Structure formats: C-alpha cells, structure tokens
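Below you'll find the structure, written out as structure tokens, and then a few comments.
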Amino acid sequence: MIKYNKRKILNDPVYGFITVPYESVFDVIEHPFFQRLRRIKQLGLTHLVYPGALHTRFHHTLGAVHLMGIAVKELKDKGYEITEDEAEGVTLAILMHDIGHGPFSHALEHSIVSGVNHEDLSTLFMERLNQEFNGKLSTAIAIFNDEYPKRFLHQLVSSQLDLDRLDYLRRDSFFTGVSEGIVGSDRIIKMLHVVNDELAVESKGIYSIEKFIVARRIMYWQVYLHKTVLSAEYLLIYILKRAKELSKEGVSLFATPAFRTFLDRTVTLQDFENEPQLLNQFAELDDFDVLTSVKVWKNHSDVVLSKLSGFMIDRKLLKIKMYSEPVSVSKLDDLRTELAKQWNITKEESAYFVFTDSIANSAYNLKHDRINILFKNGEVKDITEAADTLSLSVLSKPVEKHFLCFPASLTNQL
Amino acid sequence: MIKYNKRKILNDPVYGFITVPYESVFDVIEHPFFQRLRRIKQLGLTHLVYPGALHTRFHHTLGAVHLMGIAVKELKDKGYEITEDEAEGVTLAILMHDIGHGPFSHALEHSIVSGVNHEDLSTLFMERLNQEFNGKLSTAIAIFNDEYPKRFLHQLVSSQLDLDRLDYLRRDSFFTGVSEGIVGSDRIIKMLHVVNDELAVESKGIYSIEKFIVARRIMYWQVYLHKTVLSAEYLLIYILKRAKELSKEGVSLFATPAFRTFLDRTVTLQDFENEPQLLNQFAELDDFDVLTSVKVWKNHSDVVLSKLSGFMIDRKLLKIKMYSEPVSVSKLDDLRTELAKQWNITKEESAYFVFTDSIANSAYNLKHDRINILFKNGEVKDITEAADTLSLSVLSKPVEKHFLCFPASLTNQL
Amino acid sequence: MIKYNKRKILNDPVYGFITVPYESVFDVIEHPFFQRLRRIKQLGLTHLVYPGALHTRFHHTLGAVHLMGIAVKELKDKGYEITEDEAEGVTLAILMHDIGHGPFSHALEHSIVSGVNHEDLSTLFMERLNQEFNGKLSTAIAIFNDEYPKRFLHQLVSSQLDLDRLDYLRRDSFFTGVSEGIVGSDRIIKMLHVVNDELAVESKGIYSIEKFIVARRIMYWQVYLHKTVLSAEYLLIYILKRAKELSKEGVSLFATPAFRTFLDRTVTLQDFENEPQLLNQFAELDDFDVLTSVKVWKNHSDVVLSKLSGFMIDRKLLKIKMYSEPVSVSKLDDLRTELAKQWNITKEESAYFVFTDSIANSAYNLKHDRINILFKNGEVKDITEAADTLSLSVLSKPVEKHFLCFPASLTNQL
Amino acid sequence: MIKYNKRKILNDPVYGFITVPYESVFDVIEHPFFQRLRRIKQLGLTHLVYPGALHTRFHHTLGAVHLMGIAVKELKDKGYEITEDEAEGVTLAILMHDIGHGPFSHALEHSIVSGVNHEDLSTLFMERLNQEFNGKLSTAIAIFNDEYPKRFLHQLVSSQLDLDRLDYLRRDSFFTGVSEGIVGSDRIIKMLHVVNDELAVESKGIYSIEKFIVARRIMYWQVYLHKTVLSAEYLLIYILKRAKELSKEGVSLFATPAFRTFLDRTVTLQDFENEPQLLNQFAELDDFDVLTSVKVWKNHSDVVLSKLSGFMIDRKLLKIKMYSEPVSVSKLDDLRTELAKQWNITKEESAYFVFTDSIANSAYNLKHDRINILFKNGEVKDITEAADTLSLSVLSKPVEKHFLCFPASLTNQL
C-alpha cells in the first residue's frame, strides 16, 4: 500500500488547500528560523483598523509557494522548459523570500536596527540555512539573487507580477475584508508566458493587469497607508525610539533577552556578519517580544514611554491629518509648545506626541518596473504602451502625502 | 400566533436571501408582464462565451429591489427623510425599470421593432399596470420619470450609481465568473448621502468609486463588448434581418404567433399606442420564441437563413477582428466577392456573412454623468475633480472600436 | 514562439477556470450533439423556486471534466498508475455521461418517450459519435460501461463518490444559493485512493464523507424534491400527457418539427435502434421546443391544455400537500368531483388538475452503494461500519413521501 | 449637513461590514477591559494546525453583535415586541458574553487559576463596568443572567441557537478554511420565532437545523478536538504546570508582572472578590504574556521546562494517539520508565512528556438543550421529535475519546 501521509496538506481559507510540494520545502518550513514567521503578522498593526488582518508571514509565504506550483505547471504545460531541479529551486526561493523579516519591520528598521533591511537579513538567513542543508538551497539562492541563467525564474520570485505580490494582495484583501483589492491571480497566472527569458502576459490579459494595478493602488491607500494604520505604526516607532534612548541612559526596562540585545545596542549589518550569534538572537525576536514589552511599559515611570505605550495597548491612537504639502516647522513648534503647556511636560518630550512625516506611492513605476504584454503576432510591449484605453502612465506618477500626528487635545489648534 | 408566511423570501446566490418587502411589489412580480422576465436572459447570447451567464432580467430586478431596501434603510438611518410611501414607490420604480425589455433587446431593436426602445416600452407597461392596480403605481412612475419632487429618489433608480447598475455589475460579474468586475456595492451604499437633493458619496469612499468605474470598464471590454459576444449578437441581427425580409416576400417561416406578428410587420411606437393589443403580443415574446425559431430555421430552404441559423445553434460563430479604424468599403467588397465565389452565392447574399460595424464605450461620461463626492467640510465636488491621484478624466474619453465579421474560410484573405 | 491559444480556457463561477484538457474533448464539445446540452437546464423547472438555477447540463459536464482532471492528477501523484490513454478515456467518459439527456428528462420520460431512459440514449449517442470519430472514444465507452479492466476508472465516472455527483451537488448548491448543500469536493478528491482496484477514501476524510451524505440529503429535500418544484414538474407531465392525447386524436397543436415527431408517436428504444434518423430528431429537442410550445398552448382551444399551460407560463402552480401515507382514492374522487362542479368541466378533465403520486429518497443506499474507507493500517471498511459516531445506517433508510396536487380553489376542502 | 461619522463601520471578511449600533456599545468596546480581547485568540493554539485561525475574541464578539442586530430586526419585523431598551440590552449582553475569557482559557483554567471559570470572571467584569457606566448595563446583565422577564432575550445570548454559536461556528469555519463547518446563520435567523417566551424555528427550517448540528459536530472533531490541537493545548498545560511548580519552589522565571502574579499564587474566586486589584491584573493578561514567557523559558536551566517550551515554540509537538478505552496505568508507567532511561531524566520528570486524558462531545444534548420547532398549525416540538428522517437522537449520544501524548522517540513502544 502506498503511504498516504507523504504529502502534507494544509487548510487555507484563501485557496482551500495548500500542498507542500517537496521534502526540502517541508524541511525548511520545520526549521525554527521559519517557524518564527508564525509569530510575525504580515500587516503589523493593521489589525487595529481591520480586525481580521492577523495573518502571518508564515501563512503568506505558504500561499506564495502554492501559487508558484500553479505557475510552474502552467508554464511547463505551455512548453517552456523548467527542469525538476529548477522547479524545486524557484519554490524554495519564494518560500524563503521573506525569511529576513523581523516583527513590525517598518517600525523596527526606523528605530532598532540601523541600516539593515529585511532583504539583507534574508540573505544572511538563507546562507545559514544552506550550510545546515549542505548546499541544497544553492539553486534557490541563485534564483533569489538573480544570478541564475534563466532570468524568468527570478521574475517569478521578484518582479511586478511575482507570486509574492499575487499572494499578498489577495491574502491581505481577504483578511482585511477590503474586497476591492481582490486580484484575479488565477487568471494572471494562466496568461503568463516566457519571451526572451522574461515573463510576459498574453495580450488578452491586459484588462486583468490593469485591474491588478488599480487593485494594488486601492490596497495601498485603503490598507497599507491607511491613515489610522500610519498613526499606529508611527506610535510604535516613537515608543521604540524612546525605549532605546532610555535604555542607552541606563534606565531599567522590561524586555525579553533577545529584545534587550537590540534595545541596548545598535546593531549594523557588519555586526551581523562579525557576530554569528546575533542572527540567532534576531531569530528569537517576534511580535510577541515587542507587544508584551509595550504592555509592561504602560506602567513605566517614564511618563513619555508609559503614555505612548498606554495609547498603543488601549488603542487610543494619536489623531492624524493628511496634507498635500509638508507641515511647516513653525506650526509643529507651536503645537509642541501648546502640548507641553497642556500636559506639563518639556517641549522635547512633546515631540514624541506631535510629529510629522511623509509617504509616497506609485502603483506602477515606469522606470524600474515593466510588465511585458505578448501580442498574438509575437510582439512584446510594455503595458503602458499596450493599454490603448486607460492611461496607465497616470498611475505611474508617484503620489506623496504628508501627515501630522497629534493628541486629541490639540484638535482645536488645527 | 403570528402568520409567518407573510413575507416572501427568495434564495439568491449573490446576496443569500432576497425579501419581497411590500405587498404591492409582490403583486407586480406575480403579474404575467413581470413573470415573462423569467424567460429573458439579462445578457442575451453572452452565455455562448461565459456559460454561467444565464441569469434573467427577473433575477436582476429582484436583486436591485434588494439593494434598494438597503439603500433606503441606510439613508433613513442617516437622517434623510424618506416617507413610507416614497420608500414603496422607489422600490416599485426599480422593480419595473426593465419591464419593457424584449428578448435580445439589442438585436431586436436593430431588426424587428423600429424606433422603439425598451424605455418606451417600459413606460407603456407601467401605465398599463397602473391602470390595473388602480393608480397604486403613480408615485413609482413619477420617480421613474424624474417627475417626483425629491430628485434623489430618481437617482437611486437611474444615475451613475443607481441600484440597477450596482446590481447588474455585481450579478453579471458573479455569473460570468469574471471576478475582476466585482463591485463593492455594499460599501458604496454605506457611503451614500443626500446633498442638495442629489446623491453624494462621502469622500472616504473615493477609492471604491474609482474601483467601481474601473470594474465597469472591465466588464464592458471583457464581457458586454467581448468580441465573440459581439459576433454572436450580430449573427442574430443578421438572422432576424433575413427572416424579416423573407417574411415580407411571403416566404413561409416557422414562428410562434406572437413572434410572427413582429416578423410580418414593422411595429412603431405609434402602432403600440394605437393598438393596445400589440403590447400584449409583445408581452408574449421572449428568448424562447426567438431561439426556437432559429433552431427550426436551421433546416429552412433559404440557404442564407439556414446557414446563419445553423451557425448560431451549433455555435460556429463568424470570426471577428477588431480595428481602430473603420474597415474600408473596398476591402469589404473584395471579401464579399471572394465569399460569393467560394460558396457559390450572390454578392448580396454574401453580405449576410461579411459585414462591419463599430462600438463605443466610455466608462464615465463627463458631460452626462456626475458622481458627487461629499467632503467632511460639507463641500461637494465631482469625482473627476475630487480624485487627486487617478486621472478619471482619462476614463471619460469614449473609446471607439471597429470590427469585421466573416466566415473562417476567409481568414487567409485578411 | 509557442502558440498560446492551443488550450481552451473557460470562465466558471464555481471553479474560476476550466481548462479543456484534450483535443478530443474539445472536438466532442464542438459537436452539435454536445452543444445541444447548452439548451437543457440541469435542474429543469427548479428555477421557478430558485431563480438562479438556470445552469445547463453543458456547464455541469464541463465542471465534472474539470474535477476529473484534479482527481486523475491526485491519484497519479500518489503513485497509482493511470496511463495517458486512460486519463483521456476517463475524461471523455465523464464528458459524455449525460449526453443522452433530453429536456426536462423526468417529465419527458413520464410522458413522451416510453421505456427509454437517458442512459439508453447516452449509449446510442456515444456509439454514433465513436463512429464519427473513428473509434477514438472506445476506451471512454468501455470505462463508461464498466467494461474496462481497471474498475476504479469507472467508479470515477459512476459511483457514490463519482465526479458527476461531486460537481452537481456543488454546482446546484451554488446556483440555487442553498449554501447548506455545499460539498467539499476538493477535500474529498484529495483523500481518494485506490485499493483492490476500487476507490477508497482515507480515514481522516470520514467527516467530509458524512458531511457529503448529509449535504446530499439536504439538497434532495430542499431542492430536488422541493414541493413547489414537484408541483411544477408534475404540471409539465400533465401538460405533455394532455398534448399527446390531443395529438393522437388529431387535434392540431403548435410544435417544432422535432417535438411534433415525439408528440405524434410513442418512440421506443427499438425504434431508436431501427430508425437512426430518430436520434437526430431527438438531438434537435431541447428546453426551448417544450417551453415555447407550452407558451403557445396557453391560447389553445382545449380548456384543459390551455389552463394547464397558462398555469405554467404565468407561474400559477397547483397547490401541493405532502403526506406520510398514500392519499385515499375516495378523497381524490371527492376532490375531482368538487372541481368538476366548480369549473364546469368533466370529472375526467378534473383529473388533470387533481392528482397524487409519491417520491422516495435515501441519502445512502446500503445495498447498492459503498463508500470504502481506507485506514492507516491498510484496512478497508464501508463508511457505515467505519463511522463510529453518526449512525449512517439511519441515513440509508429510504424515506417515502406522498403528495397531492390541486388548484387553490380546493384549499378549503382539505 | 448631517454628521456622517456618527455610526462606526468595521470591515469584516465574514460579513462584509459590521456597524456598531449603539453609543453604549461603542463605549464598552473602547474600554481597556474589552480592547484586551484583541490580544486573545478565539481558538488558542489551533493556528498551529490551521494557520488561518488567528482571529480574536474581540472579532468574534463584534460578529455576534452584528448577528444580534439582524435577529432583533427580524423578530420585530415579524411582530414580536422588543423595546428599544431591550434591543440595546440584548446587544450589550452579547457584546460582553465572553469578556471574562483569559488567554488560552482551557489551559489556564487547568493550571493557573483554580476553580475560576470564564463565566465567573465575565460576571465580575460586567459588574465592574456597570459601576463605571453608572448602571447603564443593568438590563444587559439581567438578560445575560437569565433574570430578565422576557426569557427569549436570554436565549438569543445563550442557548442551542444563540448568536454566539451562530457566529463562532461560521467564523471558526471561515478562518480555519474548514468549509464543511459553514453554517447558514442567515437562514436560521430568518426562521426564528418566539412562542411561549421561547425561541422557536419554523418547521421549514428543519433541514438547516440538522445541517447546523452536523456542522457543529464536524467542527468539534475536525477543529476543536483535532488531535494535534489537543496535543498543543496539553503541552501548554504541562508547561504552565511546571512553571507554576518551579515558581512555588522559588526558582526565578521570566514573566510579565501580571503573569507573575498568577504564577506565584493560586487565585480563587474568593480572592477576586476580596481583592479588586486582582481583576485589573487579570485584565492585563493575554496571549502575549504567556507565549512570550514560553519563548524565553526555552532557554531556562530546568530541563523539563526548557524542553517543553522549545517543543511549543518550534512546533515539535508531542505525538498523540486516540483510544476508545482509557490507557492503562501500567502502560503509562512502562512508557515513562522507558523515556526516563532514554533521556536520562527522573520518572517524575518523564510524566511531563508522557500523559493521558480524555475528551467528550455530543453534538446535541437531549437533556439540557432544546431546539423548538414551530409548525404551521402553531404546534411546537423539540427537533429530535420533529425531524422525521434523520435520527438526531443518535447525535445526542456523548462520544468519549481517550488519548495518549508522548515524544516521537517512544513511537516504537506503541
């Protein structure tokens, strides 16, 4: 009798079922470096606005693996050559593409680690895993780093239409309940081709691509850059900033050992390379360390830290207002002065509650991104030239928005 | 005990359940004039491309009634006054908005009735029903004809964001399986307001509106004007044209009595007004009369009629090619000459198999349509001015496409 | 460049996309014998109760083909041998399994054809097609008829858990909107195995099977045997019965040529075998012939035919009442006498409006059906022995219900 | 202009949108006692098996509030009297029904608090909130405690068909992706009536109720009592047990201040009543305290605690085997002896890795539970008498299962 537990199947509310396709994929999933992604939410603090958005990087990554399986089958069925080794490699590559993410990446990169982004850390993790797995991940790493001869494999992992995006847009849309962001990932995958070693979408898929770009834009403004989400994220940035400063000054702070390491010192990429143990410490860090600490800090004696932490835990977020122009220095100064008076704190302290920044987004970046459209006559054009009706070039203009965060008690000053 | 069958509930795959909200609505639904809509597909021949698209005008209308109930409740909850009589009237108005549709409206209006569109017929049907119901429908008719004081009620029935559209886009998207066309009708309704007696959408709904316009555009190009659907529809137009000509020449043709009436003579709006019986005859006409006749005509002795009818029944549609410019007369002439030779028919006959026409669509018509956006400060702007990022003005440019239909045997000539 | 239109893809609201997997499958679909299934609704008159239930046998069959593709892949992935020829054969077999269905099968088999069921006709159609396709369908036919060595292939086409059922339950549930009938077809397919040349479900799928049986039972009572659906179906049976009798008596009746053939004479299976042309005539018959005729008969001079036909077209169905015991002959007689008096018709005529019959259903037939459960130790048991908690044996008891149909004017007599 | 932010709307992937219906509901949601439910997962450790199951008690409670709104409207529409005050009260009652839940309730109640269940704590929280809200919650509390004259209001909050269940079954089914558990909550609510001050379901809803009971049963065996979920939950119970023992012995353990309180002493219900501050401490406890501590304990010097904690964090759960009979003491003893030898630990220590327990479930409890079915003639019967076909009495037999947990290294001993 055939052993029927060989292939692991997972339930997924988005796709129904996800099958783990290779033993090597299973082994990476089992590794503590990967299991930690179970404790890192894909969308950080977004659940404070969309209560369903609690899905993790672990779940997203498995979804991307699932879509990769469909894409590889589709391309092979169409006659494009993908060897068994390449199929496994590109699957492992998408599996590990987010492995370097820490908790609340955006906030952390602004405050805790310095000059180290999650792509750098992904590379470090992959190399470490490759050692443990005796080079089994080499093809995957080559594909991930765009050093593999067949470039289109890299594009499946990282490009305008990669499976990462196709999964996260759909998944984020699903769990937030923002149905406008739903992307026809199935249809797009069905229309993929390879021309000149690059991915291309056949011309009748042009409306799906347009829709994809518009959906992505909607997700940006409605979810990823939702103003209340921004407010929550910046609150966390300022909490961590304060905690780090206090920590430097020698003030005692509740923290897990791993979190303490990154509060006490500012770790650089070079540090990670010189001290292998640091990566293990980083691997112990997740949403739980950060949130638990913030919860305890709510009762800290430092008034700035305790106030900010309480705001986070009890969801009394700072108000936020969007502007098309930068907020003037003098306005900011006035508001801080006013708050210092109201709350009887110093003006330096008030800067933790009244601050400004800006965000930018373009749905489609004409310079860096390309989406190839394949016409029936074999011709290939970029989508912005191919779409005869909706001027996608409009979508490629970056939009910058400025915002100001402040406590409710200042509302009348604005 | 309370009688618990008073309120009729229908299962609907789109919304789950639809409740029939008024006795008067129930009575209109029961009327044969309305029951006939059960036999008229919402999307005519589209099911030849999207096999699920078999839903009827009956079903769509009930869906629009359902959404009207939600919209009315939402507006009342927000404090806008809608009396019980107005609520019933606007519901009856949406219920009857499509009552004048015949089978395959587009094809029929091109070939059978002359200068009579379904809006004219809707008015005739409503008046007839109002007589039968002793004036009970007067408010509804006034709202439908935009003659009721509160104009926003008419806009719920007919405007850029009316419940007709919100239902049909969602329903057509659902049954075709074109998920890109899904519209967040719930969200849009939740954001409706009334300002200066006009409907307006609150500003945070702006992305949903953008998405709605893009989704509508996608449905146009991917479904309503899908080239194979066009080809099928024009095939029917030419079948009916031929049948009508043969009928005029006295050639015997299979047809139901009601259908025969409209094949034998060309009925004008004035005829409908002068001969009340004609409306009853029209009310007996539905998809079944037309399709059944075409099926029988497949074996007719007229080669043009039988060939065209066979193409329809066995789904051997004419090829179709799209052009950005009109097809030249000489090219058309050449192709017809060639076909006449190939099939040994006259050139006049070949014109039934080789023909050209054009279609136009703009997702948003700047001149006729407005979507009011209501800002927090009470200001109202049109969406094209309000949307700071996606230039919707682009979407309002009408797009015209030309097409050529021809039998496969001419493919090499093109 | 690879020609990218080779594989045909269809939109399906149920599964998203359906790919036509073989050229031979494509060719059968294109055949007029198969295209006719586009005009035969899967659920006959059920749409009079569930307005979304307009899906066709054409669509269902393509859905079953889609599921077959998944099942074959799943079994092959698990190591069970299915050759390419067998895979194609079993797909063609499921494609053609319903090809013998006429319009409103149940009603037709009760009234028009005599002693010929759709399975007989399927066989006739398959043989005819096999001739046309030069024997290409032989493997498919052998599998369909359970004459192929690997019996489990036949079970994929016809058994308790065949892909026919897995599609129709899900599809019928989808289009009616009866969400309780949704079946986890994906999960069941994922758990299929082959043991001793029979299909088996691995033991952890036992709850899914239970759910499947319960869902099927719900669909029976809530949809297939819904009392209003029964009333509509029996109305049609009596319409056809009357029409046939009138036809025999030489009364002139509107009908398409193909329909007339079957009204004028009673065709037996032997007739079909002796007169090959009869199958072609049958192939021209679909929902349109029947419904169009009923519509015209609404104005027939025979009062029984016209009344019954009007009831159908305007959806004024007969009342129906369910009983656990048969309705007594005397009661029936009384009611008919009363109606004859009320309507001034003969008692014989009144029997067309007052009649009784019974229906039976068991969700799981202990004698004929088996669902094998495969345990981890390799043991195989029938589900009724394997399910330790819910006594499925209860579900296998056939339930019989009796019903009485009558016009509303008799309501007080009951 | 009407202020359009008055009514708060939340996105919910399950229902689309949830509207916060009363100011008082909004105020309770804003309270830190309620906000904490954002950090307590509805299904504890179930996400280790179903990665989507991360939804919180916060989200579930809002879902139940949403369904309550529909149910109240439905009952009022049918003519049953519910005053505005009662409507608000019953909504507040469902809002607060789970407010007493701590993190991983089942595990906590087995290990940390003693003889205090979440219902007791809910009562304490409600009373505290009622003081803060100046008695505004009195009606709600009376309804919750079944002390309000109209008993059916209590049944909407707590009974076989309460809105709590209707939400959690649907929500748990949604987020786990176990589609078999989907419950037609809309349909059931549409069929609710009140007879003799008790909820009843009209008779045509009988299949939906059957389906509901079967779905619930499926959710029990497939999700709530899934063996791997059990294994994870018992792992946590043993971790907390060990931690508590070490804590008692004075061993230093990482923990947040609030968690430390409950590790250091065993708090009884009387303690909660005597020391009001304890409730505030409990209110600071959530999933984050527990999981973060377990993460740190992975590196603790106590080998039992560190091993168990590592198993949890890296998801190397104990194996689990189900039995229909209790596991014998001698077998357990043998296995512990063997493990003590293998791992060089004491036999007492090995009892943390090898243990047994049992679980029981009946889908429908004949004694305590009733589901009233209302027939058209006004008669009311319990579902087990009313359902003529499926013997629901079968479902009411409690099913007991025993299980044994053990490390993989003992697999060969079994």
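In order of appearance the chains are A, B, C and D, and numbering begins at 1 in each one.
Note that a residue touches a chain if its C-beta (ideal position, glycine included) is under 8 Å from a C-beta of that chain, and two chains touch if they have at least 3 such contacts.
Quick caveat, the model's predicted, so the values are computed rather than measured.
S.K.: Which other chains touch subunit A while also touching subunit D?
M.R.: B, C
S.K.: If you take the chains that touch subunit A and keep only those that also touch subunit B, what is left?
M.R.: The common neighbours are C, D.
S.K.: I'd like the angle of the rotation relating subunit C and subunit D after CA superposition, in degrees, nearest 5.
M.R.: 180
S.K.: Measuring from the mean C-alpha position of subunit C to the mean C-alpha position of subunit D, what distance in angstrom results?
M.R.: Comparing mean C-alpha positions, subunit D is 43 Å from subunit C.
S.K.: List the centre-to-centre spacing of subunit B and subunit C in whole Å, with centres computed as mean CA coordinates.
M.R.: 32
S.K.: What's the distance between the Cα centroids of subunit A and subunit C, rounded to whole Å?
M.R.: Averaging C-alpha atoms per chain gives centres 50 Å apart.
S.K.: Would you pick out the residues of subunit D that each touch at least 2 other chains?
M.R.: Counting only residues that touch two or more other chains, subunit D contributes 16-17, 179, 187.
S.K.: What part of subunit D is in contact with subunit B in the complex they form?
M.R.: Where subunit D meets subunit B, its residues are 1-2, 4, 7, 9, 16-17, 77-80, 186-187, 190, 193, 195, 202, 374, 378.
S.K.: For subunit B, which residues are in contact with subunit C within the complex?
M.R.: 10-14, 16-17, 30, 32, 35, 38-39, 47-48, 50-52, 54-56, 58-59, 62, 174-179, 254, 256-257, 284, 286, 288-289, 291-292, 295-296, 299, 313-315
S.K.: Could you pull out which subunit B residues touch subunit A in their complex?
M.R.: Per the stated touch rule, the residues are 179-180, 182, 184, 187, 207-208, 210-211, 214-215, 217-218, 221-222, 324, 388-391, 394-395, 397, 399.
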